[in-house]
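For reference, the structures are reproduced in the following blocks.
Look for subunit A in each of the two complexes below; its partner is subunit B in the first and subunit C in the second.
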Partner chain A sequence: MRKYAVIYRSVLMENMQYVMNIFMGFISYFMFIFVFIHLWNYMYSSPGELISGYTREQMIWYTMITEMMWFGAGSGTVSRQAAKDIRSGNIAYLMNKPYHYTLYILAKHAGEWSIQLPMYAVLATVMGITMVGSLPDFHAITLLAVIPCIILGITINAVFKLCISLISFWIEDSNPFQWLYDKLLLIVGTIFPIEIFPAQMQPFLKLTPIYTVCYGPAKLIVDFDMGKCVEILVVQIIYLAAGCSLMFFIYGKGGKKLYVNGG
Partner chain B sequence: MKAIQAEGLAKTFRVKQKEKGMKGSIQSVFHPKTEEVRAVDGVSFSVEEGEVLAFIGPNGAGKSTTIKMLTGILYPDGGKVEVLGIDPVKKRKQLAYQIGTVFGQKEQLWTHLTPYDNFKFFAAIYDIPEREADARIRELGETFALGAFINTPVRNLSLGQRIRCEIVASLIHRPSVLFLDEPTIGLDPVVKENIRQLIKQMNKEFHTTIFLTSHDIGDIEKLCKRIIIVNAGRIVLDDSMQNLKYHYLNKKIVEMKLQEETTLAPMQGIAVLKEKGCHVKLEVDTTKMRINDALAHIDAEHVEDINISNVPLENIIMEIYKSEKGADGGLA
Partner chain C sequence: MLTAVKNQVRVCVLSIKYNIMREMLNKVTFLTNICFMALNNAAFIIQWVILFHLKKDIGGYTMKEVMLLWGLAASTFGLACILFDRAFSLPDLIISGKLDAYLVMPKNVLLSVITSSTNTSAIGDFLYGILVMCIFSFSVGRFFLFLLFSAIGAVIITAFALMMGSLSFWFVRAELFGDNMVNCMISFATYPDGIFHGKVRFLLYNIIPVGMAVYQPVHIMMRFDLGSLLTVLGYAILISAAAVFVFYRGLRRYSSSSLMAARM
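Presenting the complex of A and B:
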């Protein structure tokens, strides 16, 4: 594992030189959240009203947390970069090193989000406290249980996105699949919590990665429950194991189909 | 012991074909057509430990595909390959610890990090303990004279400095075999010569087997004792540099400045390459005519200045390429 830690550290060192770029992303985040604050303020006509079991503060904080994860862990490494490596044949020059290519990409991705995410967390906290108000019944101690859920959620998302990129071994362009996956995640689970959707859909949605990637960690922050936390952690571990197995399987099969043209 | 052993190595690619224009694009959606291209076609050779081998050929000959099969990147369709007794297909990761690769056209260094940080990174990748890594960086840094720029980000280095760092990064784990794919591409003559000297030194000091592909004849002439020429996926020549020169350098180029304009009588074994005023350039085939007889025929008394040289190795190799049919259609 030492070599993956070194990859992680190297990306961290590299990205520290580009911290200013992250601030540019803050503008998009601010605008997005600003719109949602006004939208939910309009939807909640009276104080204390509940929509699908969420108070106004919980609903806005939920969106801020999922969007924080979306922006903070967003990177082209597991999607565009991996797909490009395969299509351009550049993967050939990464495969001949004594590491597993997929774990190399995941370590690089981790190096990227571990700088971005804390910065977005600070922004989300400042925006939330000043524009929405603090979360009712929130205890900072619960973060000790929630942070591992956030890290697992981001990792599961990266594994699934990498699986989609690895399809590039067979097809010309995996971007349309990335787009579908992203939009599904954005609408069901990021912008709106699962409870907003019809009751018949909810059991199905809870079986998808959405439950573990964004809904679970954000739900635990706005409405912590130890039982729920354990349930989410267990599901995340199952998802991570299944996702990694799928990732190694696709990579193993795809690697044999690698086509590298030209010197 | 053999460092590399390849027997009947073959690789075929399926390449998409599309008719020209919009009609062709629509057709390719409903009836995609592919064509099989045999990039490497039953290549067999072996390389001894510590040998410096030139593996050359025109574009599309199958050189890079062969290297990629030897390093475990591509899976061969046929044949058998072993590098240091390891099957690259089955044990790519194990083999990676024993070999190094430098692709002149591809960067393996992290451009925003310094060479030192890069070397530390590669040392960790190859599971080299910290203290040992520092000692190797020091040793290679001295050999390759990296002292002046070892702490400068790679993106700020010149191409020559970067290539030196690329080679050091490939040597950090002391590989037994080093694959160099066009290591001097794009470099100026002085830096090229410097890199060649370093490669030579590395082969001598560390007894590293070197498998070199290059279009630069200077690299081949100055570094390699053996040459394999491939064309259209097949080996067309596998010989020592000495033999190649002995067998193919039987033609001499004679350039003369005569006292007065003369027309030379045609003679078997002498071909007039250029004739302009008093300047004459001839090619003498020494298998048909001794060089002394050729000079006698010219009438040396009227010669004001003369220069006799070998046919450039570049021309010999070009001739070998041309003599083989099917140079087109292969993949590199």
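Presenting the complex of A and C:
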């Protein structure tokens, strides 16, 4: 594990040199949230109205938190870089190093979001308090339970995105599959909480990565419940184990194909 | 003069044609990119079905009008990225000194640059836009207006991207700012303008030109008005002239990186 800690630390130090670049990304986040604040302000006719059990403040905060995770854990390394390494043949030089390529990519990704995510969290908090109002019934102590959920959610997302990137061993461009996965997360879990969908669909949606990647952590922040927190953590651990198994399996199969093709 | 223009147009058309042919070398990837981009856009229909289930009218738009808005936004951005994709990655050429190859060409520098690449997935955007328009609000007149506004919108968006990209001639990290502004334009373009008020509305119709590229054309397609059509056309000419001016002013500051590269 020490070698991955070294990779993590070096990427972290490297990213600290480019903090200004992260600030530039704030513009997109600000605009995106700005649109949603206007949209939800329009959708809620009166201040006390509830939509699928969410007040206006809860709904906007939910979107702000899921988008904070989306922007803060930018997935360029697990999607674009991994796919590019495979397509360009660069992976032939990376896979014979004394580390597992997939874990190397995950360590790099963690080094990136460790800087970005806290910065986006501060931005989200400032925007939320000034433009929406504080979150009702929120207690800072609950963050101790929610932060592990957020970290697990980001890691699960990275593992699944890396699995999709590894498809590049078989097809030239895995980007189209990334788009579909991203849209599934964005529309079903990021923009809306699961409760907004028809009751018949909700059990099915809870089986998808949406529940563990974005809905779970955001739901716990806007409406914390200890039982729900334990349930989400358990599901996240199961998902992470399944996702990692799938990732190692695809990588193992793909690596053999690379050997046949000569890189 | 007319022959020179004709030749220039011919060069641009050939450039775009060869870009597409190059992308078509791998047919599976080419088709996958197009189909999945269309599917990617179609996923947003779910979002609007849910929102219209909550409220029958959103910012003065019905489902049919939102789909027309989405269709026009997709086809406008699609067409811009099919024809002038390089305008969206201009900072990369400026920063890495790759403009040299275009400066020595005997044709117009700006047109040679912006037509030098095509985004395959943008074909999916363009086709999706037309399909959505045909499904949700087809009429012969509206169809031709849709094509006209797709072309005008593509010019407006390209001009805006060109201006943002040209900032890299002057400023460091301007590429990040420019990318963000273009992304903002896309974000705003897919939501009804009726939900924005006051200064934001002014911003959308003047500074970020999404109002003239997408919102106003949708209003015209729903209720035709010649005056508004001419306003959009005039705006497109004005912003294009401004973009050309900014690009050539910036080009004076460009310095080569002595990069040796072959364009094939």
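Keep in mind that, in the parts below, the second predicted complex is superposed on the first by the 258 of 263 C-alpha atoms of A that agree within 3 Å, B and C clash if a C-alpha of one lies under 4 Å from a C-alpha of the other, contacts with A are read in each partner's own complex, and residues count from 1 in each chain.
Rule of thumb we're sticking to: a contact is a pair of C-beta atoms (placed from the backbone, for glycine too) under 8 Å apart; a residue touches a chain by one contact, two chains touch by 3 or more.
Model, not experiment: these values are computed from the prediction.
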Practice prompt. Pick one for A:Ser10: touches subunit B only (first), subunit C only (second), both, or neither.
Written response: first
Practice prompt. Considering only touches as defined above, state whether A:Ile196 meets subunit B (first), subunit C (second), both or neither.
Written response: second
Practice prompt. Have a look at where A:Leu258 lands relative to subunit B and subunit C in the superposition and call it first, second, both or neither.
Written response: first
Worksheet item: Which partner does A:Val126 reach: the first (subunit B), the second (subunit C), both, or neither?
Response: neither
Fill in: subunit B versus subunit C as contact partner of A:Tyr99, first or second or both or neither
first
Practice prompt. Have a look and say if subunit B or subunit C is in touch with more residues of subunit A.
Written response: C
Worksheet item: Which partner does A:Asn90 reach: the first (subunit B), the second (subunit C), both, or neither?
Response: first
Worksheet item: In the complex formed with subunit A, which residues of subunit B make contact?
Response: 13-15, 59, 63-65, 68, 71-75, 92-93, 96-97, 99, 101, 103, 105-106, 108, 110, 112-113, 117, 120-121, 124-127, 181-182, 213, 331-332
Worksheet entry | subunit B partner contacts - residues on subunit A that touch it in the complex | 2-3, 6-7, 10, 13-14, 17, 90, 92-93, 95-99, 256, 258-263
Fill in: Contacting residues of subunit C [partner subunit A, same complex]
26, 28-29, 32-33, 35-37, 39-40, 43-44, 46-47, 50-51, 54-55, 58-59, 121, 173, 176-177, 180-181, 183-184, 187-188, 191, 194-196, 200
Worksheet item: Any idea which subunit A residues touch subunit C in the complex?
Response: 20-21, 24-25, 27-28, 31-32, 34-35, 38-39, 41-43, 51, 171-173, 175-177, 179-180, 183-184, 187-188, 191-192, 196-197
